[in-house]
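Scroll down for the structure; my scribbles are underneath it.
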Amino acid sequence: MIILVQCKDQVGLVAAVSGALSIEHLNIVSLREYVDKAANLFFMRVEVEEERPAAILQQKLQVVLPSDAVIAVNPLPEKKIVVLVTKEYHCLGDILIRHYFGTLGASVQCVIGNHTLLEDICRRFDIPFHHVPYEEAGAEKELTALVDSYSPGYIVLAKFMRILSTTFVLRYSNRIINIHHSFLPAFAGAHPYKQAFERGVKLIGATAHFVTDQLDEGPIIAQQIIPVNHSVTTADMVKAGKEIETAVLAKALRLVFEDRVFVYRNKTVVFD
Amino acid sequence: MIILVQCKDQVGLVAAVSGALSIEHLNIVSLREYVDKAANLFFMRVEVEEERPAAILQQKLQVVLPSDAVIAVNPLPEKKIVVLVTKEYHCLGDILIRHYFGTLGASVQCVIGNHTLLEDICRRFDIPFHHVPYEEAGAEKELTALVDSYSPGYIVLAKFMRILSTTFVLRYSNRIINIHHSFLPAFAGAHPYKQAFERGVKLIGATAHFVTDQLDEGPIIAQQIIPVNHSVTTADMVKAGKEIETAVLAKALRLVFEDRVFVYRNKTVVFD
Amino acid sequence: MIILVQCKDQVGLVAAVSGALSIEHLNIVSLREYVDKAANLFFMRVEVEEERPAAILQQKLQVVLPSDAVIAVNPLPEKKIVVLVTKEYHCLGDILIRHYFGTLGASVQCVIGNHTLLEDICRRFDIPFHHVPYEEAGAEKELTALVDSYSPGYIVLAKFMRILSTTFVLRYSNRIINIHHSFLPAFAGAHPYKQAFERGVKLIGATAHFVTDQLDEGPIIAQQIIPVNHSVTTADMVKAGKEIETAVLAKALRLVFEDRVFVYRNKTVVFD
Amino acid sequence: MIILVQCKDQVGLVAAVSGALSIEHLNIVSLREYVDKAANLFFMRVEVEEERPAAILQQKLQVVLPSDAVIAVNPLPEKKIVVLVTKEYHCLGDILIRHYFGTLGASVQCVIGNHTLLEDICRRFDIPFHHVPYEEAGAEKELTALVDSYSPGYIVLAKFMRILSTTFVLRYSNRIINIHHSFLPAFAGAHPYKQAFERGVKLIGATAHFVTDQLDEGPIIAQQIIPVNHSVTTADMVKAGKEIETAVLAKALRLVFEDRVFVYRNKTVVFD
């Protein structure tokens, strides 16, 4: 089972947790900890081999840790997600295939598109698809109601090419994951490949991040790049970019769904 | 020998050059060409096995190519360079070692520093070192005179942490090569690692580029990144960054010194 | 349109081809050539913007090139493929998604499995699935007849975990593409991840190659690696390996389907 | 200060160490642990902010840990190394530059070469150079005496192209670090780039490893690759390989000198 701890830093936190686990005869398989000195924050992720009742273990840890400690024992054992899309298929296709074969680590509740192009692929996988034309008045209200009706743990923007309102973003704070088609902070905003082509860069990339009310400014979970050269057109970049976008979003989702990511301020701690 | 051609694009350019070489019984070992559609420009780099008098071959190519064609046969056979430094040693050390063992592809005429910290390492390699305190009045005039006295083909900014004047930059247009410690256009300007740390990126990088009068905006020759995670401090980034800066500058210098780089507008064509 | 040329090397080949194209007023968009000195072989790939009748252009090129030249103008415009699988879904899933969205560059005629586990996913994409229990007597005869009935240009082994007979391999010489789960020649044969774990390597990889009668010895099309560390178990490697296997096979298929790959002796020339 | 622990695995080891450190009011900055299940071995590396007398802390840890525990508090604070070379300069050059600028993390006692080609570069850095013609009778005895006279913590084979005897290797067990010019286990033995060229691989690499009496079979510390294509000759590979060899050896030395590497059986645990 997995134990996550976040609290103000002080001497003895590792000893407190590992001591409590030792008393329970729980063998630590993996332990990762990190202290953000500037923020004076302590983060810890422990994996133990055996299973114990989560609530009881949580209580025992609460006793030995400071009162501000946020402790999660086997957090969100079954992740439910809602996926938002526009027209591009590559990220959604990857999610649907993994979901179908049981390796996504989450349960896709539905797909919501502001176009209908991806409805058929969802139908083929027996995943509910909802069309919400985001451009129209009242669309976000409809979207919110729809999302809420599924009570998802996370909302995945799998190439959703619309900007969500601050209200929506704050409602699902630190629970909306986006894939942006550039190595942020380079080329934030629209048309990053066009910008990249014009700047003549020798690499392009993708960034998966939590969404905040600052466009393309949210905490980064994962990013990666591929080399390009002068002969690569904007259209080539779009094509090559799809591969790296798919890979980076898949990696970010795996990290989040395996409870390896802490979010705080505008950063993430990723125990990969 | 190496032949470079740059001109307006039209049908038959490859045929013209390869036909002329064929008549001379020159066997093409490597041929690379690129057409920038938007700029309507044609670029070509050919390597042939045998040697011929450069001036005569150049004339024969001039005859078969359009009048606007810029042709270079064995351009700059011996590259002379001047290296500008401040205090950081890693790029200079790499250049000096390669130069000493004859694998740099260029001849280091001298090193100019706005500090004296790197004087001793130059002395050990019998390379003239000049101290030009860039902060003082008249320094750039002194620098210009000094650089000119060596008639260098290229000026390499191997971690020269001062901003050169527009006058200086234009004097050596497309001949000043800089290494910037970020994957541009992300984190242009000062303290890129501090910016990177604060943004919480998951990769840092370096960019080698020709210097223009727009700070950190010049044509990019090479760039590369390394992954980082939350636990990497700004100081760690500085340390790790030195490795990637050294590697990227070394690569860019090799490409330029092997006549593999065309510069036009704000871009490069790199036939690597 | 795309023109491929392979022949014995001699002076004037580039001139001959580019001259013939120039006479036809065909503008060269991309030209790549390579000479294998040891084998004395010349390879060339040209892309021109405009379309011309392929047969006529082929004839005109035949006239200006040596008699041994193998010329292909717009080779195999529509690639038909048959996919062989066992139980693992990741490569097949990727192929089916790309095929469904029209970006595979080939037409999947059918999938043949020696298990039935992947039948349902094929059905969902309306792709015929055939079960050929490869372990049984007569299975290869059945397989051959089945494959032949589709007249495929290529056979893709998308994690087909059986060894094909020499007869089968020679029947489809240079047309069977396999994905092997190691960076060959390291860890050829069975259980490469187990071998990799035991050797304590710090990277694992995948290799896409044409199949010959020498197991895991065929011409390599593409390969790539990912870093691992001591904590990665064999099971972790299998999981991480799926990502890299999928990516490498996808890349190799794209290169082959875009006519960027020449095969000769035990090597490939890849004009990527 | 740094604390390393290695012992048989059991419940409570992390608690024991972190508890003892907590009692001493030592704040854990970084904690990494790993359990090799198959070998039933526990490895731990802890960094604490403050300094304490090493011997006393070691004693206190000994009390709370099993009797088989190997504990090192601030192990080998000043690493002394001897470097063995033949003719290639790239790894040695990198080591000398880092050493000169105080960033190697070790003190180079001397360089020993079986050729004299690299004597001058050592002289320029005021590093003693000894010529031991390894081909001659009695050379290894001379080498052993010479190495012993410097009492080095580690022996670095910076492109030493001779095979050391089993006697020599066992004398400095787990203390000899070699750089091999391939991604082992591919292309072990002589001429890996020639082998790589003939096999037509699409990537080449380098491996830093501890030397055992099994040639190229020792525990791997670090390895990395670079992509190559068909046009890369054996000579090109040698040239490109130098870059990756230098980088991989530099990384391995940093990891070892920062006490981040455990060696056991034929593997390493690297807490990087």
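Letters are used for the chains, namely A, B, C and D, taken in the order the chains are written, and counting of residues starts over at 1 for each.
As a convention for this text, a contact is a pair of C-beta atoms (placed from the backbone, for glycine too) under 8 Å apart; a residue touches a chain by one contact, two chains touch by 3 or more.
All values reported here derive from a predicted model rather than from experimental measurement.
When B-D is set beside A-B, which has more C-beta pairs in contact?
By the number of C-beta pairs in contact, the winner is A-B.
Check the residue numbers that chain B and chain C use where they touch, and answer same if over half are used by both copies, otherwise different.
same
Rounded to the nearest whole Å, what is the centre-to-centre distance of chain A and chain B, using the mean of the C-alpha atoms as each centre?
Distance between chain centres, rounded to whole Å: 40 Å.
Could you state the distance in Å from the CA-based centre of chain B to that of chain D?
34
Return the residues of chain D touching two or more other chains; collapse runs of consecutive numbers into ranges.
30, 231
Across the complex, what residues on chain A touch chain D?
Per the stated touch rule, the residues are 9-16, 18-19, 21-22, 25-33, 35.
Tell me, which parts of chain A touch chain C in their complex?
Listed in rising order, the residues are 30, 89-90, 93-94, 96-98, 100-101, 121, 124-125, 231, 243, 247, 250.
What residues of chain C sit close enough to touch chain D in their complex?
It is residues 34, 36, 183-187, 199-203, 205, 219-225, 229-231, 266-270, 272 of chain C that touch chain D.
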